[in-house]
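After this come two complexes, each holding chain A, first together with chain B and then together with chain C.
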Partner chain A sequence: MDFKIIPSTCSYCGTGCGVLFQVMDGRLVDTLPMKTHPVNQGRLCIKGWNLHEHVISEKRLKSPLIKKDGELQETTWDEAIKTAADGLKAVIKDHGPDSVAVLASAKITNEENYLVQKFARAVVGTNNVDHCARL
Partner chain B sequence: MQEQIKQWLEQGDIDIFLGYKMIQGHPLPYCFTKENPDDLKDLIVGNARYSLEKMATKIAAEHKELKIGLLTRDCNQRALNVLYIWNQLNPENIKTIGVNCCPSNLKEHGDCSYLEPELIPPIKKMIGIDNNMQVKAAEQFNQKERFNRWMYEFQKCIKCYGCRDICPVCFCKECSLEHTDLIATGGIPPEVPIFHLVRAVHMGGRCIDCGLCEDACPVDIPLRLLYRKVNEIVTDIFDYTTGTRADQSPFNMLGEEVTLKPKPI
Partner chain C sequence: MTNSIAEFEDSGCIFIIGSNTSACHPLIARRVFRAKEKGAKLIVADPRNIQMARFADVAVQQRLGSDVALLNGMMHIILKNGWHDKTYIENRTEGFEDFEAVVESYTPDKVETITGVAQSDLEKMAELYAVNSPAALLYAMGITQHTTGVDNVKSCCNLAMLCGNVGVRSGGVNPLRGQNNVQGACDMGGLPNVYPAYQPVTAEANNEKFSKAWGKPLSDKIGYTITDMIQAINDGKLKALYIVGENPKLSDPNQNHIDDALGKLDLLICQDIFLSETAEKADLVFAAVSVAEKEGTFTNTERRCMKVNKAIDPLGNTLNDWDIISRLSTEMGYEMHYENPEEIFNEMAALTPSYGGMTYERLGLDGLQWPCPNAEHPGTPFLHKDQFTRGKGLFHAIEYLDPAEMPDEEYPYWLTTGRMFAHYHTGTMTRASKHLDTEQKTGYVEINPKDAKALGVNDGDIVHLATRRGETKVPAKVSKMVEPGVFFVPFHFAESPANILTNSAFDPIAKIPEFKVCAVKIEKAA
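Let's turn to the complex of A and B:
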């Protein structure tokens, strides 16, 4: 029997509520709000309360997928990234960098969002940067 | 306290002990085991309460024979009594160490920071319900005003289910609050007041007035007051104060006949 409480931060939105993961016998079983966390002070929204569910979900993707012959098929990260890069390059070549837009996310960190806009401006060459909440 | 727990673990009186430990600057629940008895020197009472008994219930559901020790404040002990009655925990497998609880009129010093009356915003006092109010005072409003004030509180609900999820005595496998025939889905706030009243009815004979639900409610609905009223009715009718005893509750007696004498409401 092994039971652990692991403090973490909710990854669902930019608020950054403090959560506690309950891990039993190596399995993530539940989420609790951290009572002493300065941001949420022991409260969570429904997404935070169910944070463990997307980690243990059966539907969670464990490897990247590429659509081949009209069907999604499992593939390697190398191939997935190459396919995405080739696709983006082709669009930029044919229609110019402003034909690409980047939507940043509430579910990633500030630093990752910084990289997203850097990628758009410095690599793709466009100022089309927006947030997924305005999709 | 540490010595006692260590002894229990070594003698096999308990297999694990649920207490608190400082982790990353926060007092967090911690599971002490006999494999790491030295951890016990870090055991603290902690001023932030969590429902250790709810964790014990979850653990016991998967490890039926496990002997669990836990640190109990008064509220934890009351919740344990209810969990024993409802067969969620086996009292033979539970050992507790009681600790000083909330400061109150009776106790000057408490280890628990709870029950400090919160500052209530003026608007809430004007059109809602003051969370520090007693049942008697809340009953002074005439019916229409009372209804309006409660509806003001209920319509703030963001349907996080936090009140249920944190509650030590909410253990149902299928919860009525998620039953689509009872409460319509898809909107926020949820159907009010039915959402809150369904839960309130369930808290009759279950709620031990720990206040964790109200603590976890992001919109400060005075849930505790609501459930206090419900349990006042239980006490009036059945002469049973929820959480005070571990043997029997008027709500889980089998049989055709009611032996307790009903009192007039």
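Let's turn to the complex of A and C:
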């Protein structure tokens, strides 16, 4: 049996509690509060205690999807990325970069948010980038 | 937040307005309870009879959307009694005279008429806040989600400055952020007008700096906010939308309007860990990884940047968000190759002065609070210590304005929306979690027992709610959480969506929609 404890940060509200993910034989089995953490000092709320449950949910997307004949179907990453890139390039060519917008996210990491806005600004060429801080 | 979560324990007074803290930020509520144990005074102002109110020295239920009048009323009393911090105002602020002139007219009598708050309660609130320094003000979306959201926030700042509470430990103006990394998304430039660390896109020097770093000429034209985007789609100006980790179909106001707009796009790409209501409408869906399968950082509401570490391998055929974006960029002709998130973090930190002194190694288990400009800087627990970021703190003279929609003959009741304790935002994560789903499986509308009786509605009966935007059916929850004439619907539940009802009227500056107030009619469903 291989058992690991991985320190991390809760991804529900903006409080930012320190959590410990418990991993047994490569499977995420539970969430514990981090005792030493300056924010939560060894405590969690009901959402934090159950943080692992959404991760291992059966409802998780397991593959990229593409709409064909009006239905979303599983596809490969190569096809998904190529179709997206071709579609975006066509819109930019016909209507200019400001006809494209990107929504960043309050759920993804700083590194990923940095890349999302870099993508909008440097790759597409627009400042049409926002996220749901207002919502 | 100007201050830090742990500091609240040592506040002399905590004033909570527009935040259901124990339900939505339980581990911040814990600090409030600890402060109470140490002798702090607690003031709670919320249109609903929230749990925090039971622990308060004074708790009021102001009428929806009347916060500016309430805060001006408190400040009127503070000035009349000479409880304001004259030295602080003189040395550290400006604009006081114009502000004082406006507040002068907000007499307790006038404020009671607008807010419904008794004059004796208003006087107690003013005194408790003013004489128990340092006083911390905590707010959440109850303050911001209004057509007067910016006015509400400025009024909170006026109150804090009036009593010298900004720039001191355990005081401050503290918005409790609703999403784990909403602070980080803003810090990273996920906004249409600024690069990372709020460097305006319109300033030539910034444009040059980022253009050089990224090797591409960049636009200096401010982009669309999320609120503008929907309009731009309807006007035919916006043709393609790439949505990363959001579910605007459920989280934005006036859902019917959004649904139509998304359908008009030439290309909709969604990137998510679940097939959200928005992703169902997409042409392409990128399957991303969850918090447990990735490395990176989140920045919490107190500006603390903290590590997220990979616990398990990506499930199924999913990819890290950063990997998806890199592949898409490269395919579009802009080569983007990173070895790992740390390499991205280091690139970001070099361009983002407030994060400039941070490295993964320095973040450790506790993280660091920005601004942290260099490798020796210990981080910043509270802001504006000796002077404000802009120099002097600016008072704003603010008049009360009505919400965009008020009850009338046709739609005679008030409607407000928000979260409940077991669920989170549009429910894509919490409703997929067995133990959280068990706590609350369906949407509901809170109805005061008096209204329930008048409408002939029993607990659990299905009621029909209608506004000028749309209608929905939802089970009634008879509860004293709301006053007679006020109804509350949580927005987590797609099958009884609150945002089919809400008003998309928005604040002219922040473009935040008025989720917290609209007019509704209600009847027992046939």
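Heads up, the rule we're going with is that the second predicted complex is superposed on the first by the 111 of 135 C-alpha atoms of A that agree within 3 Å, B and C clash if a C-alpha of one lies under 4 Å from a C-alpha of the other, contacts with A are read in each partner's own complex, and residues count from 1 in each chain.
We take it that a contact is a pair of C-beta atoms (placed from the backbone, for glycine too) under 8 Å apart; a residue touches a chain by one contact, two chains touch by 3 or more.
Every value quoted in this text rests on a predicted model; they were computed, and no experiment measured them.
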First, second, both or neither for A:89, with chain B first and chain C second: second
Which of chain B and chain C A:24 touches, first, second, both or neither: first
Touched partner set for A:1, first chain B, second chain C, both or neither: first
Partner chain in contact with A:126 - chain B first, chain C second, else both or neither: second
Touched chain A residues, chain B compared with chain C: C
First, second, both or neither for A:36, with chain B first and chain C second: both
Touching both chain B and chain C, residues of chain A: 4, 7, 18, 34, 36-37, 43-46, 48-49
In the complex with chain C, residue positions of chain A that touch it: 4, 6-18, 21, 23, 26-28, 34, 36-40, 43-57, 59-67, 72, 77, 80-85, 87-89, 91, 94-95, 97-123, 125-135
Of all residues in chain B, those that touch chain A in their complex: 15-16, 23-24, 26-31, 48-50, 55, 58-59, 62-63, 66, 158-162, 165-166, 215-218
Chain B partner contacts - residues on chain A that touch it in the complex: 1, 3-5, 7, 18, 20, 22, 24-25, 29-30, 32-37, 42-46, 48-49
